[in-house]
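As structure tokens, here come the structures.
Two complexes, one shared chain (subunit A), two partners (subunit B, subunit C).
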Partner chain A sequence: MAAGAASGGSATTDTYKESRFWLLLPAWVVLGIFVLAPVMMMLIYSFLTKEFRGGVIWELSFAAYDQFFCDRGLFGDEPCTIEWTYIQIFWRSIWQAGAATLLSLAIGFPTAYFIATRPESQRPLWVFLITIPYWVNLLIRTVSMKFLLRDQGPLNDALIGIGLLDSPLHIVNTNFAVQLGLFYSYLPFMVLPIYAAVERYNFALSEAAADLYATKWTTLRRILLPAVKPGVIAGCILVFVPSMGSFLAPDLLGGAKNFMIGSLIEEQFKGNAGNWPFGAAASMILLTMVLIILLIFARQQAKAEKEA
Partner chain B sequence: MATAKYDIKSYSGFRAITLLCLVVLYAPLVIVTIYSFNSSASITTWEGISLKWYADVFTGPESEKFKLAARNSFVIAITAATVSTSIAVFAATAMVRGGKFKLRTVSFGLISLPLMVPEIVTAVATLIFFNSIGFDRGIMTILIAHIAFCIPFAYLPISARMQGIEDSYEQAAMDLYATKRQAFTKILLPLMMPGIISGFLLAFIVSLDDFIITNFVKGAGVETLPTAIFGAVKQGIKPNIMAISTMLLGISVIMVTISYFVSKTDNTK
Partner chain C sequence: MSNTTSNAIEVRDAVKRYGDFTALKRISLSIKDNEFFTLLGPSGCGKTTLLRMIAGFEDVTEGAIFLYGDEIENLPPHQRPVNTVFQNYALFPHMTILDNVAFGLEMRGKSKDQARSRAGEMLELVQLSQFAARKPSQLSGGQQQRVALARALAPQPKVLLLDEPLSALDLKLRKAMQLELKHLQRETGITFIFVTHDQEEALTMSDRIAVMSAGEMQQLGGPKDIYEKPRNMFVADFIGETNLLEVSVDGINNGRAVCHLGGGHELTCDAVDGVGVGSHVHMSVRPERLYMSDKPVETESLKGRIKENIFVGTDITTIVDLEDGPEFVVRTSNSDRGNKRIFEPGAEMYVNMELGAARLLVD
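Now for the complex of A and B:
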């Protein structure tokens, strides 16, 4: 969604040049005070001392980051060795988000391609069909997914009913259920940028390749794919980034074994852990990772635009 | 298109994957809708069609809780969508009709910030912010947070629409001695209406659907529909939850459909 809206536009004019300051002021104030300032405040909180059962004491402390990265033994007085617990949770999140991204790509690419090659008048309707579920409450979608996949759910009932299975397939509380939930959460983000890229693609290139006796799959791999690569990368990022910090899919579909960053953070504020500085530090680390990914992406896009 | 075999555009299997994709997207929603009409008190067995669980939502033992949550949700969604849409209209006018200026890129970055920061991080940051300034959590904190993160959702369709409107209409009005304010309110704003409506509806749905941020910034005892549903689901999926979900699902689908058709209307002719 963020990548879809370029900041420039063809019909950009300067009719209301004199009032632009006042026109932008409300947006600046609201977003500056209630989004940007809070992120700054979160950074500060991550360096404060924790108060038991939530809140902070205004004393500088590195305890939150120390807890994240350092294992100091049972009594907390040993020299720092690497603490793997939280790194593992981050690693699992990256891995799960990556798997969900690949799943979305495997299904989303053919779908986007298929839509982009429909007659022009039909395309908006197909895009609309793909995006409707996205606008349904994420919580309801995730709960519906869980209901469908349960051991005694309609899917297992149907598979047993037609004799394909003898006993129910355990899907809920596995890694795959989380990946499926993430796929379900963010699929339109994969389809839309790829669709936009394929729609702009000049199929004369494919025809030229075919004339030179390239097979269809070679044409797809060697000609089309490089041309639509920016769209594919945009789609992957738009799925990967929100998947990494997601809370509902791992919480409802994954169970305790499949703990991800989102749950780790939530537990510090809403759950029993009650360690605000640690939650703020974990959020900062997540935000930093996301911003680095977005920055690399923006650089590449700018480079690709220059080359084109 | 005529002979699919030699059509270099079509790949066998892509159509099947697209259909599979649609099935995966819609199956859970359709199944929950069907089971919301199940008369059985157990979610596993099917005992025939009834509206019993819909009645339960409105009159059952938990109905007071859900009614209050629904009222909170709708009051917040309508207010947040109205305020964020107004802010977005002004911002889009400055960005699309304000010429080139230094802070333009920065402003665009600020407006799309809620889309780039992971939702859980926004939730944590907002909670910490209200805590640090000693603002008591309640409906007001939810409303403020919703206004902020709804802005980009309202902004994107509105600015897309404004980019599609040539400024010759406003220029013509001003040639005929309309002031800039008149050109804005009498010409640009009416032409913008489809974009504004679709921005408002998207902001409304995004606010109505939000769980993560609401869950963090709501005060004790204050519930919106998603947080009430989440609380109930933690004790197991019950039939009345499926009835509520189906109603919410219906509202979202209707809103998005309206938004889709409104944004397609071309009133510049």
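Now for the complex of A and C:
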């Protein structure tokens, strides 16, 4: 029967078309429910009027975007001048997420390289070890990090104990603490794609480069890196994007001064003080920003590819 | 700077161990300047290991390696003036053909322009100029092979190492490349160390051949020597086709050994170092050095019966059942049919050896 269905020219292609539709349907449904619908909801909410104790009133309004971009003075009756508060928060988020991404890359790349160059039988164990901390809830990990880094915490105690420092180093409530927190939150997302790329890399290419008088450093730069670039880019995106919107690390490790966009959005949906349309608008702006950054990156990548 | 009296490469008592496994068991050999030298042996015998030790990719467990008199076994690969043509070419996939070939020149301090113009010349040499701007994946296997060759030759290494460079090519292309390689070696005057498991390829191309087996060197010599005077069973069997007879050596007079077969039949041949009186050894005779007759030509002629004739294009292969020994293979070239006889299956006849055809083997 199966053979019968497979034979015959046009009947087969029709069958394929039909079964393809049905086979792809679950994927489309899942994507629709979990990706498209929430984004559409946010988009719609961002253009509604806020209800004072959270929630929305179904009335078209641009107030959320106006609040984000326009400074209309103390009483809200002046003409629009640029509102810097939120742009600053955005800028800080980009900067913090970027720094965390670089930190992840600096630690994650050698780690991934190390794992990928172990004997094949040992690699799954190393990957497993890397992921163990991530079995613990993110909140608990971030709180533990704060405990480790605080002035009377184990890190400072140790540094003072061995005589490296006289007084504790203030790490908590600095930008650096946030970067560390973000780095720690998303490190596996950097390590795993790079590991996959390095594992596929043909190390005979490195030998060929060394054979042609290239030093280790030149080989890394001119042969290995171009070959594993897709993994590096994937890792950077996977760390940068969630870092941009994250709120746990900035809240717990950064303190009030080092507020990031994630915290801003989180607050709008929390308790009675929130402003849903404003939170939705900020989310949409965040989404747009991330997309723009990725697009610029992709375009430059394509251009570099063409030139090479 | 190259000292003409010293060898291009000298390997001295080189041992390579991987844990408990000994891949190379104390190899010593000297490769002359401007020589086409071949490492020949079955898969797994340690050819690649030896080549990689010369290139610097493998540590030497014991022993030393000299390049024109300079000890090199502790130098990293990028400091050794030798280049390698890798078995699977290992071309840089993200670079153009031209940049692949220019890479080594750039690393040696040439400017990008200089390197590219010289790389262009190298591509001309291997007739690939029109592909300069392509990526390796856009080339056929044979073309990639030539790029790998041009890339390795471009920095003018003192020694070029080639690890089974032709094994991935089809027969016709392989034959053409064998000649091309040989010509390139003559033109450039660079010492080539060529690795292959194909004895025919080794015989065709080499000035000298080192036959290896199980991490040991079995014999070193010119193609003719290796083929006509195999030292032991392994070499006789591995190089070409051969007939083996079990013999006992009765006496040695004036450089001739007198031997007899199990049935008492007597044979004489050149004596060989390492085979003394009283030893039981094998005698090897190449099939094309045998001819057949209906009467014994001399006392040594071996009586037998024809089992089968097989026509193989240029030759006829005859399988003979010897009365006094095992089966023998006799090869008669079609061009020799005028003066050599062919018998029908079942016919009784005698097999005769040409002068100097029989060779005693050590063990």
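Here, the second predicted complex is superposed on the first by the 249 of 308 C-alpha atoms of A that agree within 3 Å, B and C clash if a C-alpha of one lies under 4 Å from a C-alpha of the other, contacts with A are read in each partner's own complex, and residues count from 1 in each chain.
Rule of thumb we're sticking to: contacts are C-beta pairs under 8 Å (C-beta built on N, C-alpha and C of every residue); 3 or more make two chains touch, one makes a residue touch a chain.
None of these values were measured; they are calculated from a predicted model.
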Contacts of A:Ala204 with subunit B and subunit C, given as first, second, both or neither: second
Per-residue contact with subunit A, leading partner among subunit C and subunit B: B
Partner chain in contact with A:Lys146 - subunit B first, subunit C second, else both or neither: first
Contacts of A:Ile82 with subunit B and subunit C, given as first, second, both or neither: neither
Which of subunit B and subunit C A:Leu60 touches, first, second, both or neither: neither
First (subunit B), second (subunit C), both or neither touched by A:Leu294: first
Which of subunit B and subunit C A:Leu74 touches, first, second, both or neither: neither
First, second, both or neither for A:Leu164, with subunit B first and subunit C second: neither
Touching both subunit B and subunit C, residues of subunit A: 207, 210
Subunit A residues touching subunit B - in the complex, by the definition given at the top: 1-2, 4-5, 7, 9-24, 26-28, 30-32, 34-39, 41-42, 45, 55, 107-108, 110-111, 113-115, 117, 124, 128-133, 135-141, 143-148, 152, 154, 183-184, 187, 203, 206-207, 210, 216, 219-220, 241-242, 244-248, 252, 261-262, 265-266, 269-270, 276, 279-280, 283, 286-287, 290-291, 294
Residue ranges of subunit B in contact with subunit A within the complex: 8-11, 13-15, 17-18, 20-22, 24-29, 31-32, 35, 43-44, 86-88, 90-91, 93-101, 103-105, 107-108, 110-122, 124-129, 131-132, 144-145, 147-149, 151, 155-156, 159-160, 162-167, 170-171, 180, 183-184, 202, 205, 208-209, 211-212, 215-216, 226, 229-230, 233, 237, 241-242, 245, 248-249, 252-253, 255-257, 260, 264
For the subunit C and subunit A complex, residues of the former touching the latter: 55-57, 76-79, 82-84, 86, 88, 90-95, 103-104, 107-108, 151-152, 155
Subunit A to subunit C touching residues, read off their complex: 202, 204-205, 207-215, 218, 222-223, 226-227, 308
